[in-house]
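Here subunit A shows up in two complexes: once beside subunit B, once beside subunit C.
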Partner chain A sequence: MEVREILDVFRAADPAALKEKYLAEGRKIVLTAPVYTPEEIIHSMGLVPMGVWGADVLLKRSKRYFPAFICSVVQSIVELGMRGTYDGASAIVIPSLCDSLKVVGQNWKYAVPGIPFIPMTYPQNRASEAGRAFTKAGYLRVIRDLEAATGAKFSAQALADSIKIYNEHNALMRRFGREAGKYLSAADRSAVFKSAFFMPKEEHAALVKKLLAALEGEKPLSGPSVVTTGILADSPAILAKLDELGLRIAADDVAAESRQYRTDAPETGDPLDALAAKFAGMGCCSVLLDPEKRRADLIVDSVRETGASGVLALQTEFCDPEEFDYVIIKKACAAAGIPLLAVEVDRQMANFGQAETMLEAFSERLG
Partner chain B sequence: MEVRKGSSQDPNSAKYKLNQIAAKAYSDAQAAKERGEKVGWCASNFPVELPETLGIPVCYPENQAAGIAARGQGEKLCSIAEDEGYSNDICAYARISLAYAKIKDEPAQNMPMPDFMLCCNNICSCMTKWYENLSKELDIPLIMIDIPFNPDNEVSRDEIEYVKAQFLEAVRQLEEITGKKWSDERFREVMANSCRTSRAWLEATALAAARPSPFNGFDLLNHMAVMVTARGKPEAAEAMELLAREYRENIENGTSTFRAEEKYRIMFEGIACWPWLRVTSTGLKSRGINMVSTIYADAFGFIYDDFDGMIEAYCKVPNAINLETARDKRVRLCNNIGVDGLLVHTNRSCKLWSGFMPEMSRQIGEACGIPVVSFDGDQADPRNFSEAQYDTRVQGLTEIMASRKAGE
Partner chain C sequence: MLTLGIDIGSTTAKCAVLEDGRDFRAVSLRDSGVGTDGPQAAFEGVLAELGVSRRDIDCVCATGYGRAAWQDADLRASELTCHCLGGVYVFPGLRTLIDIGGQDAKVISIDAGGSMAEFVMNDKCAAGTGRFLDVMAALLRCPVDSFAEAAARSKSPASISNTCTVFAESEVISQLAAGAAVEDVIAGVCRSVATRVGSLARRLDMREPVCMSGGVARNAAVREALSEYLQVPVLFDERAQLFGAMGAAIYAAKRKSKE
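Moving on to the complex of A and B:
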């Protein structure tokens, strides 16, 4: 397969169509909300995890539940739930990693009563023994609720197998994150990350592997590149603008992209302990306790490693975890002499004109 | 000048004593700092029993931010934080505190700079980020007690174990930082004081059930500072007991600190609009509306018998509980105290508190058969409040309450 043909498969991964396909095959779907959910568990129980990170829709019905100043990621999840977009799904797993995610879970119970809400409660002091035990307790609760909602059964052996599949996928996505900037447009890069939330992991991994092999023969792109950071980087308007300006994405620190794949679970010992160890090992993220703000160092390092020319902070409107980190990132970039541009994005992108102008000026500056 | 009995100038009044205790929390911390002791900044719902037992002086940034906002300096400090790059979306307490950490002097409410941070995120995840940033910017240790939002009705054994390990670790860290030592005996004293203060607070606030209520609910906003900063101290317990006594006397004498005819009684939901305290209070009083109930009445009822009980109490603070538990607490308060309406402050600063309030307040209104009206505001950033909207909404609530009374 040619690069273009492979990319077309990723781009065609339409969540609505895939949902119908899974249901027609008699499979049960479990929705997974941002930022981290134990997908491996869902996968191991023979259920299909499908990521829900909201969509670019007009918020109407969700207004019954949310004041305007809650991020459009969670608001649009509820909007879609109320519209029936997720009908047929057996449950939704929502972690309580930020205040908006705490409230979405509570509202969900009343806004979308047909799809059971399964809370995943993570600890912030996650690396200590007590923290790991608490993570594991959270997983056990998710398992109990999944069994009740779907009738599927949990088995440790199946989880160990799923962990292997996920680790392999993680490794491929890490490689892809490094390679994509050399060869692919921002829009194509995004399509690969995004489809990972809807396609079966094994299939996605196989396709990424093919893509990586096909890219080896390609001619690298030239021109300046950036490291992106934020929760989401899938706004078609922003991606199109980056491509028009010839700005490549050398690497990312985006929650819906590389942050998902940085950490593997150990493949030895009790698989639930292994999954808790994975969570303990995660970090450099706005919703995971990070008193030293290693995230800012990680961004600076990845600019240096990739030779990127600057940092593009895509700030989801009303996302306070990211808004706090931004100031520290800004200072770290300034100290390292790295140009930084912050662009506010929401799921509606109503005032895109301003963002366009800012991106144009930034691109000129990076030359 | 005649000093009215029970007024804030009467040195024998609860109000005077409570104000003194709140002010002393700051001066004690300042004095300790000057003596060379290590001082902490502490989250309002951090287990104060820990620093209190260890004899470690702490200050409360939320309390400071409220004071700064009430004295008209909220916008100035918020703007300083915004110039640093903090979004105006961020909780105004956090913005004010981050600004203060930068300028280190604000006559509206000064406090000593910290040597360490004591964070407990049981009231919000925003707290985690805010203290993370302070700890990074000031390059001081962060002691973090993570108490997750509880989606269930009960606190699980798993949660108690997780939180307990953190309490013990926090004590260890504090001992290491300050060189002070934990004493079980001292802890029992502090626990007894804290429970005594809490009991008196619960008793005083429950007296609002009398008709008319012996106090203006806005008094509680003032006295809350002591519940936050000093509930483990014996003088706080004494002053709260005095407050309850005064309120009982008011009932016997048919008097009240609500100096208007109490035509309507409401529950007020949310943090006060500190920059607009007078406006919001006058808007109610002028219509004969007394705020007889707030969740704060319940929030500081930290009553427990031992270390595990203390942990459970901190796992159950208002913002850490699910919609149903939070709703039922309010329904109980409304029913026990007797209210004609619910006024909800949709607080721009507080995503967690406001984020499921529309649904919860609907359910409370239905369960109690009372009208629910909300207004937009902010606890500390004056720019997010409109006097005209407030007035219209309160008028609307008054009219519904009036027509219901007429129909009774």
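Moving on to the complex of A and C:
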């Protein structure tokens, strides 16, 4: 298959159509909310995990559950739930990783009573022994609730197998993250990351493998590139502008993209302990406690490693964890002499004029 | 070599023609912007003033809010880049440029070499823009052009919110109802714009010299309030509104000479 043909498959991964297909095949779907959910558990129980990160929709019905100043990611998840977009799903797993997510779980029970809410409660201090035990207890609760909601059964062996599949996919996505910037447009790159939330892992991994092989024969793109950071980087208007300006994405620190794939679970020992160890080992993310805030160094390092010309911070409006980190990232970039542009994005955004002007000016500056 | 910059803003259209990347030969300004015949009139006006036609222009660069809609452009550049180039042309050694246009406000910090180092733009609200002043002018029945003169008579400027145009509007009404003098309210409105934009400037590593560009720069009351708020002199040049167009012409000349 040619690069274009493979990319078309990723681009065609429409979540609504895939949901219908899985249901028609008699499979049960479990929705996974941002930022990190134990997808491996869902997968191991023979259920289909489908990521729900909201969508660019007009918020109407969900407004009744939220104050005005809350991120549009959680609001649009509830909006879609209330509209029936997720109908047919057997449950939704919502982690407790930010204040907005904590609220959404409680609202979900009333707003979308047809789809059971399963909380995944994580500890703040995830690396200590007590932290790992707490995480494991959270997984056990998820398993119990999944069994009740779907009738599926958990087995440690199946989880160990799923962990292997996920680790392999993680490794491929890490490689893809490094290679994509050399060959692909911002929109194509985003399509590969986004489809990973909807396509079966094995299928996605096989296709990414094919894509990586096909890219080997491609001619690298030239021109300046940036490292993106933020929660989401899937706004079609922003991606189109980056492509129009010839600004490549050399690497990313985006929650819905590379942050998902940085850490593997160990493939030995009790698989639930292994998953807890994976969570303990994760970091460099606004929703994971890190008193040293190494995320800023990670961004600076990836600019240096990839030779990118600057950092593009796509700030989801009203996302407080990201807003807190931004100050640290800004200082780190300034100290390293790296140009940084912050553009506020929002699932409700209708007018991109100002964002486009800022991107243009930034690209003129990067030259 | 003649290069032409056209800056199509939300309320005005400006053109400037540059010869050999050095001397401005003609400029034009029309008080109607994107979506009107203002840009065409400004374009034809500047050509007529020089007695040349479009064919005599080596490169046209469009900038401003309406830059994408100007079909006859050889190049397009953001207004941030163009204002920076125009500002540095007029004030060599300039390090900070504060541009308040009809629709938005931006602050650009410029490095020692005259290139844009960093910039910030205001968020979605019209507070701190020309539009805010227009809304207040209509409410106060006093043209914006007379604001500076009225504010100069103020003895005790009223305190007006700087975060939201709608709130500020009701504040102005309550101030007037409570018997505040119109000149005090006008001085408060100018301060409100200055504080809003000044706080944007403080987000950057602001260095002197500082200048203002854009239509609002003509308003001495806002300039003075800004200077007071930032505690630095704020430079002004009569061509402040033309910096974008001038910068676009410079941008075109630079690109042409690279070819």
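By our rule, the second predicted complex is superposed on the first by the 367 of 367 C-alpha atoms of A that agree within 3 Å, B and C clash if a C-alpha of one lies under 4 Å from a C-alpha of the other, contacts with A are read in each partner's own complex, and residues count from 1 in each chain.
Convention: a contact is a pair of C-beta atoms (placed from the backbone, for glycine too) under 8 Å apart; a residue touches a chain by one contact, two chains touch by 3 or more.
Quick caveat, the model's predicted, so the values are computed rather than measured.
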item: Which of subunit B and subunit C A:Glu360 touches, first, second, both or neither; value: second
item: Which partner reaches more residues of subunit A (counting touched residues only), subunit B or subunit C; value: B
item: Partner chain(s) touched by A:Ile328 [first = subunit B, second = subunit C, both, neither]; value: first
item: First, second, both or neither for A:Gln75, with subunit B first and subunit C second; value: neither
item: First (subunit B), second (subunit C), both or neither touched by A:Ser258; value: neither
item: Residues of subunit B defined as touching subunit A within the complex; value: 84-87, 89-91, 94, 121, 124-126, 128-130, 132-133, 135-137, 142, 144, 146, 148-151, 156, 158-159, 161-162, 164-166, 169, 322-323, 346, 348, 351-352, 354-359
item: Contact footprint of subunit B on subunit A as seen in their complex; value: 64-67, 69-70, 96-100, 102-107, 109-111, 119, 121-125, 128-131, 133-134, 137, 286-287, 289-293, 315, 317-318, 320-321, 323-328, 330
item: Residues of subunit A touching subunit C in the complex; value: 334, 339, 344, 353-354, 357-358, 360-361, 364-365
item: Contacting residues of subunit C [partner subunit A, same complex]; value: 65, 77-81, 104, 115-119, 121, 123-124, 205
